[in-house]
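Submitted below is the structure of interest, expressed as structure tokens.
Letters are used for the chains, namely A, B, C, D, E, F, G, H, I, J, K and L, taken in the order the chains are written, and counting of residues starts over at 1 for each.
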Amino acid sequence: MSKTANTGAGKVFKKIELVGVSSTSFEDAIKNAVAKASESLHGLAWFEVTEQHGKIVDGKVAEFQAVLKVAFKID
Amino acid sequence: MSKTANTGAGKVFKKIELVGVSSTSFEDAIKNAVAKASESLHGLAWFEVTEQHGKIVDGKVAEFQAVLKVAFKID
Amino acid sequence: MSKTANTGAGKVFKKIELVGVSSTSFEDAIKNAVAKASESLHGLAWFEVTEQHGKIVDGKVAEFQAVLKVAFKID
Amino acid sequence: MSKTANTGAGKVFKKIELVGVSSTSFEDAIKNAVAKASESLHGLAWFEVTEQHGKIVDGKVAEFQAVLKVAFKID
Amino acid sequence: MSKTANTGAGKVFKKIELVGVSSTSFEDAIKNAVAKASESLHGLAWFEVTEQHGKIVDGKVAEFQAVLKVAFKID
Amino acid sequence: MSKTANTGAGKVFKKIELVGVSSTSFEDAIKNAVAKASESLHGLAWFEVTEQHGKIVDGKVAEFQAVLKVAFKID
Amino acid sequence: MSKTANTGAGKVFKKIELVGVSSTSFEDAIKNAVAKASESLHGLAWFEVTEQHGKIVDGKVAEFQAVLKVAFKID
Amino acid sequence: MSKTANTGAGKVFKKIELVGVSSTSFEDAIKNAVAKASESLHGLAWFEVTEQHGKIVDGKVAEFQAVLKVAFKID
Amino acid sequence: MSKTANTGAGKVFKKIELVGVSSTSFEDAIKNAVAKASESLHGLAWFEVTEQHGKIVDGKVAEFQAVLKVAFKID
Amino acid sequence: MSKTANTGAGKVFKKIELVGVSSTSFEDAIKNAVAKASESLHGLAWFEVTEQHGKIVDGKVAEFQAVLKVAFKID
Amino acid sequence: MSKTANTGAGKVFKKIELVGVSSTSFEDAIKNAVAKASESLHGLAWFEVTEQHGKIVDGKVAEFQAVLKVAFKID
Amino acid sequence: MSKTANTGAGKVFKKIELVGVSSTSFEDAIKNAVAKASESLHGLAWFEVTEQHGKIVDGKVAEFQAVLKVAFKID
């Protein structure tokens, strides 16, 4: 399915763009970014992955970096 | 907000691509395509516009054509 | 449906890019651009919307601007 | 025409991304989002539509959702 | 010219995505896909090429593969 | 490597677009969609991921949603 | 190689967009469009294909349509 | 800020695509193209860069080539 | 090289989108936007150019406008 | 179908980008590029067309230029 | 965050494109490709995922295939 | 104009992707990358810019980074 959840005419959402980092997986990088966003924002509703990249150190993948947009309702 | 509605782990949705036509507006063209799809499909959940074009006859806009993906739940 | 109309092998069409403006809707902006094009060009056959934006004045939408390609047959 | 208005060397603008919802049209969804943004931001100058989608309920279009970037001058 | 043909307000078209294969040319790959589609579908109206790739065997091009969308009218 | 497998001139493949959901990972969401498709379709050959997004509930990622095209041979 | 040919600082080129049609191949459609353009324009230098589509009649490919940009030097 | 300037409902703009060349910089290539356009066109309002490339001679950058769309008001 | 600098698992960055203006060059427009951002934000780490356009006055380039994303670490 | 052929977990492929030229067709341009690549590389597996353009001389198409990625297995 | 690491004016990096395969996950496919690249290249600095697809055998996902660009410093 | 120079049927070009860095401008970053490439490659013919980004240190632009494809003739 797609992304949205409980919406309604007249509601307005805002999307911000974040970059999460993990040494394990893109899913973990996404969770880190969402966790950080939820510290200061309420009403997080969905996310969209826009880029996936990472860092290589000593010939090995050291970081998975996920760029994502996170959407939340504006009161 | 984004597009989805009631989802859940394990659910699977399918997207099909349609082209609706209207002499009035893109919104009307979308409604025509959704109405046609709902004749044979259940569980239509959301749509996404992918292209907007139209036909010109005698120097006037004769048709608004909306290309859209329509998503529905597969049972 | 898609865009074209009466074509035929050997025919050649040209596309030009226009920006129409309206205080009401994107459909109206498109009609304005097509009307202007038809003052000097014959054989307008179809249009394709490539961008949609607008102007905000005093916190309100003042203009809907539609960028569109307009195609016509070259004799 | 394009999007900007009164600019000048040295000025800096910021773009934020919003999602407006309407049961009527994309134009109305845009107006809803711009109205919400203007409650807390001054100097809104232009908007750009980046996505158009919507929600279908009982085989009918229930919501038109417009994703747009809104730009405003940073003082 | 563009793609469409005889359209009209209220008509709805569907696009499906196919991959045709040929040892000769992309045009031949397209014809193969359209021929296969016409075995089970009526009202095929236009096609759009979305990708072109192929297979290499023993250092020689063995297959031309055309990915195309095929549109047809829904009754 | 790329996507295809056993092909041949004259063969025709069809691609359909699905959305799989998982509370765990994008890989699991893909497997769910492929499993559902294989209930009614034979000759599934490859898949292509086109979008990755998800749902956030109570400030936590509740669903990973993978949009994918699935290709299969048409007999 | 790429597209350009004899250039030089200070030269300015213009690109126009055409649609050529052929019952045979995309190459032939391109040649038709270039031939038409050369009737009224001098200094044609290169072309770039931007879209490939076509018309289907009675279940068979009736037209190959190539959209191309054609560049020429402005004196 | 974005691109436009003095607009108004009912106005129509046209965009043409040019390629400017400079041995110095992309900015200079843009100025060359705009200067050439202004010889024959009035009401030039804004430009948009769509591609940047160049020519290498004897292992050194010999030309910066900027592809740009130039917009002007149609009277 | 690419864009990032000192990262680490668990770190989260945010990207905002700005538009800088300069009468001289795109590089100068970028510097203006970054300078403005650094007045209120700490930890600016990298930028990415997403669009380049400008304003034409009296047939001459009057402004170079660079749209850029600026990324900074969220504490 | 898509592009790949005999693959397997643990295998790694490399893609290089080439430009082939032909006075006849894009297919011929592709064959020329693949033939050149096969002089020095083993294990060529598939190709993907990324751009199609060409050169015009004296108002006639003089070259068809195909840009393609060629993939081969790394031992 | 983004991708780069220790850079500096005058440094030059090269990006190559690889396809990694895994029966388990995209992350594993990426690690396989990076491991292979590090056998012959020094100074690997970052990677960027450009495509994600895979192979289906007997109705089940048999391979996850990640296409990625790998960047390394040129001495 | 576009990019190519002296070409001919049967010639084959290869494109490689580089990242140049400069503390001054994108043009300088491009020159650095081309200079490095010309140390080991002959027949460099043209370049194409694909990305522009940079590094920010202490709230100031410290590096302009240009990603470019460089094309050269294969003998």
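General remarks:
By definition in this document, a contact is a pair of C-beta atoms (placed from the backbone, for glycine too) under 8 Å apart; a residue touches a chain by one contact, two chains touch by 3 or more.
From a predicted model like this one, the values you see are computed outputs, not experimental measurements.
Here the chain-to-chain distance from subunit B to subunit K, counted in touching steps, is 2.
Copies subunit F and subunit L of the same sequence differ by a rotation of 120 degrees once their CA atoms are superposed, given in steps of 5. Where the sister copies subunit C and subunit D meet, the same residue numbers recur on both sides for under half of the interface positions. Sharing over half of its contact pairs with C-D by residue number, the repeated interface among J-K, G-J or G-H is G-J. Distance between subunit B and subunit E, defined via averaged C-alpha coordinates, is recorded as 22 Å.
Between the Cα centres of subunit E and subunit H there is a gap of 37 Å. The multi-chain contact residues of subunit K, meaning those touching 2 or more other chains, are 1-5, 7, 11, 13, 16, 19, 21, 24-26, 37, 45-46, 48, 53, 55, 65, 71. By the touch rule above, subunit J contacts subunit G in their complex via residues 19, 21, 24-26, 51-56, 59-61, 64-65.
In the complex of the two chains, the subunit J residues touching subunit E come out as 1-3, 5, 25-27, 30-31, 34-35, 37-38, 44-49, 70. Those residues of subunit I whose C-beta lies close enough to touch subunit A in the complex are 2, 4, 7-16, 69, 71, 74.
Contacts from subunit F toward subunit B in the complex involve residues 16-23, 32-33, 36-37, 53, 55, 63, 65, 67.
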